[in-house]
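Next come the structures, one after another.
There are two complexes below, and they share subunit A, which is joined by subunit B in the first and by subunit C in the second.
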Partner chain A sequence: MSRRARTLLAVAALAGLALVLAVALHGLPGVGDPHGPNARSVPVVLAKERHAANAVNGVTYDLRATDTLGEELILFVAALGAAVLLRAGRGEQGGGDTEDDTPPTSGALRVVGAVLVGPVLVLGGYVVTHGHLTPGGGFQGGVILAAALLLVYAAGQLVALERVRPIDLVEAVEATGALAFALVALGGLIFSGALLANFLATGTLGELLSAGTIPVLSVATGIEVTAALTLILSELLDQTLVGGRG
Partner chain B sequence: MTVVQLVALAAVAVGGTVTVLVRDPVRQAMAAGIFGLALAVLFFLFEAPDVALSQIVVASVAVPLMVLLTLAKLRRDDEEPDDE
Partner chain C sequence: MTAVTYGVAAWLLVIGIYGVVTSRHLVHLVVCLGVAQASTYVLLLGVGYRVGATAPIYSTTVHPGDPVVDPVVQALTLTDVVVQATVTAVLLALTIQAHKRFGTADPDELAALRG
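After this line comes the complex of A and B, so read on.
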């Protein structure tokens, strides 16, 4: 196809897409003013029956938790696949002989990276454990915790990096997170007669230990996400920056 | 809709366009990271803080880093021709 024909096709397709989008957007409710049945009933149901203050997290880990179980397993398999693929390519290079051309890490980056590791870890832990009260939850907190690993790398501590992510342990932790989620799911089946039913005491609305299985599943997801991202990034870092060490 | 929301929408539009127009993959990864950060601000302003939290880390840190690492790996493979 000639360049001219491709441009014509692109312009026509974009115009059609813009038209369809404009029609679709015209029918949406106003920003911050939802009138759908779910927008009105879900927060009330979650606050009254599950004592969960954050409706988004309540939907993710209670009303729609089966979906989250699937997502969690997708991430688990994806991390596993990435690790297997990257590990198979490990023997391709002989030693890290191309290290010399990388510029040294600047002092400012080292200091900022090292100083931020602690606060980022605390923030990640807070976001994981308070998902049922304030915005956040297992996935959000998990990615923040995994970002702390990148700060260790940014600070140039390759030796320290070896210590904070022993690959075998990370793999075991990832499996533990996924298994914990599956066990809580089965717990609902055993104690309440339905998969992922909220079978724990729901406590008082707004307290840290409340909302039944929601914070438990959130922590399980946090562990799984942290380990999965750490695994993928560690394997990539091994491949590219440390040189193909065996 | 407030002025701040309009500014955030404009920033996302500009960021997305710049990401497409930049041709060098390394710069594209950086542009995509800034675009992701603009999206995170947009989510926050439109009352979706849960999505914004994951967007900040995933789109502005994790994805650009994975792209950069993959590019570094591909370039290293190119520099070392197979002698078998």
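After this line comes the complex of A and C, so read on.
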């Protein structure tokens, strides 16, 4: 099919889709006034029974914790899949187009990148560990922690980059994060009779050591996300930087 | 308010799919897929929004019982974002492999190849 015919067909089909969407969305309740009981009851229940100040993380790591376990495993498998895919072709076309035509990293970028690595690591750790109290959590903090790696790259310290992300270690850490989540899930089964049920003291609402298993799961997720993103980013960077090392 | 929120969600989905269909480069295609998926974030957050409510996080100023927006759809959005990130990573890895193998990232040229 020619490009033109395909575009015309797509426009016609999308116009139909837009019409269906308009009808469907017309039937939804108005924005600003959700009808369901979730907005009112879920945060209160989580605060009263789990002492979780952040209801979003309460939902993620308690009410929907089984989904989050699956989500973690999706991330785990996707990171490994991306790594396997990217490694498969390594050395096939052996660096024919690796001549270095990128401009040298500016001094300002080097300094800013190097200076920001520390604060970004601290921020990421804070976001991971305070997910049950303030906005954030394992996924968000994990992304921030992995961003520190990109700063190292931006600072142009390729040698340092090699040192901060030994791939074998990253893979082991990723597996450890996923395993920790699964073990906490089984802990609920053993100590409380249901998968992912809370089995730790819930403490006082608003304190760092509160909300039972929620911060534990958050930290496990943070470790897994950091390692998974580090793995994906390193493999992608390897493609561009080194042109497929053997 | 309602029309704008749902309108943006529908528009993002439609324009994202249009971008996927007419794309001439696989990286562009992956980005368009991201745009289409962004419509679900807008829709989910729009469904849970409450006028005059704060974030569903209790602190010294927000207490249980105060009006907050729906945390369930926010958690769903978080799942959504994570899934998009993983899908993007795998698709970009596939793009790199396709480019390495066939020397092109144009979906039309790739369709013309056998391999």
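By definition in this document, the second predicted complex is superposed on the first by the 206 of 246 C-alpha atoms of A that agree within 3 Å, B and C clash if a C-alpha of one lies under 4 Å from a C-alpha of the other, contacts with A are read in each partner's own complex, and residues count from 1 in each chain.
Throughout what follows, contacts are C-beta pairs under 8 Å (C-beta built on N, C-alpha and C of every residue); 3 or more make two chains touch, one makes a residue touch a chain.
This one's a predicted model, so the numbers in the text were calculated from it and none came from an experiment.
K.L.:
So in the superposed three-chain picture, is A:L237 touching just subunit B, just subunit C, both, or none of them (first/second/both/neither)?
P.N.:
So A:L237 only meets subunit B here.
K.L.:
Please work out whether A:I144 is in contact with subunit B alone, subunit C alone, both, or neither, and reply first, second, both or neither.
P.N.:
first
K.L.:
After superposition on the shared chain, which partner residues are touched by A:A88: those of subunit B (first), subunit C (second), both, or neither?
P.N.:
The answer is second: A:A88 touches subunit C but not subunit B.
K.L.:
Mind working out whether A:V23 is in touch with subunit B, subunit C, both or neither, as first, second, both or neither?
P.N.:
In the superposed model, A:V23 contacts neither subunit B nor subunit C.
K.L.:
Looking at the overlay, does A:A5 come into contact with subunit B only (first), subunit C only (second), both, or neither?
P.N.:
Touch partners of A:A5: none, neither subunit B nor subunit C.
K.L.:
With the two structures laid over each other on chain A, which partner does A:A108 touch: subunit B (first), subunit C (second), both, or neither?
P.N.:
A:A108: touches no partner chain.
K.L.:
After superposition on the shared chain, which partner residues are touched by A:L75: those of subunit B (first), subunit C (second), both, or neither?
P.N.:
In the superposition, A:L75 contacts subunit C only.
K.L.:
Contacts for A:V127 in the overlay, against subunit B (first) and subunit C (second): which applies, first, second, both or neither?
P.N.:
First partner only, subunit B.
K.L.:
More subunit A residues touched by subunit B or by subunit C?
P.N.:
Of subunit B and subunit C, C contacts more residues of subunit A.
K.L.:
For subunit A, give the residues common to its interface with subunit B and its interface with subunit C.
P.N.:
Correct list for subunit A: 31-32, 54, 56-57, 92-93, 135, 137, 139, 229, 232, 236, 239.
K.L.:
Any idea which subunit A residues touch subunit B in the complex?
P.N.:
Of all residues in subunit A, those touching subunit B are 31-32, 54, 56-57, 92-93, 98, 127, 135-137, 139-140, 143-144, 146-147, 150, 229, 232-233, 236-237, 239-241.
K.L.:
Can you list the subunit C residues touching subunit A in their complex?
P.N.:
Contact set of subunit C toward subunit A: 1-2, 5-6, 9-10, 13-14, 17-18, 21-22, 46-51, 53, 55-60, 64-65, 68-76, 78-79, 81-83, 85-87, 89-90, 92-94, 96-97, 100-101, 108.
K.L.:
In the complex of these two chains, what residues of subunit B are touching subunit A?
P.N.:
Listed in rising order, the residues are 1, 5, 46-47, 49-50, 52-54, 57-58, 61-62, 65-66, 69-70, 72-73, 76-77, 79-80.
K.L.:
Enumerate the contact residues on subunit A facing subunit C in the complex.
P.N.:
Result: residues 3, 6-7, 10-11, 14, 17-18, 21-22, 25, 28-34, 36, 38-39, 42-44, 46-48, 53-60, 63-64, 67-68, 71, 74-75, 78-79, 81-82, 85-86, 88-89, 92-93, 133-135, 137, 139, 205-206, 229, 232, 235-236, 239, 244 of subunit A touch subunit C.
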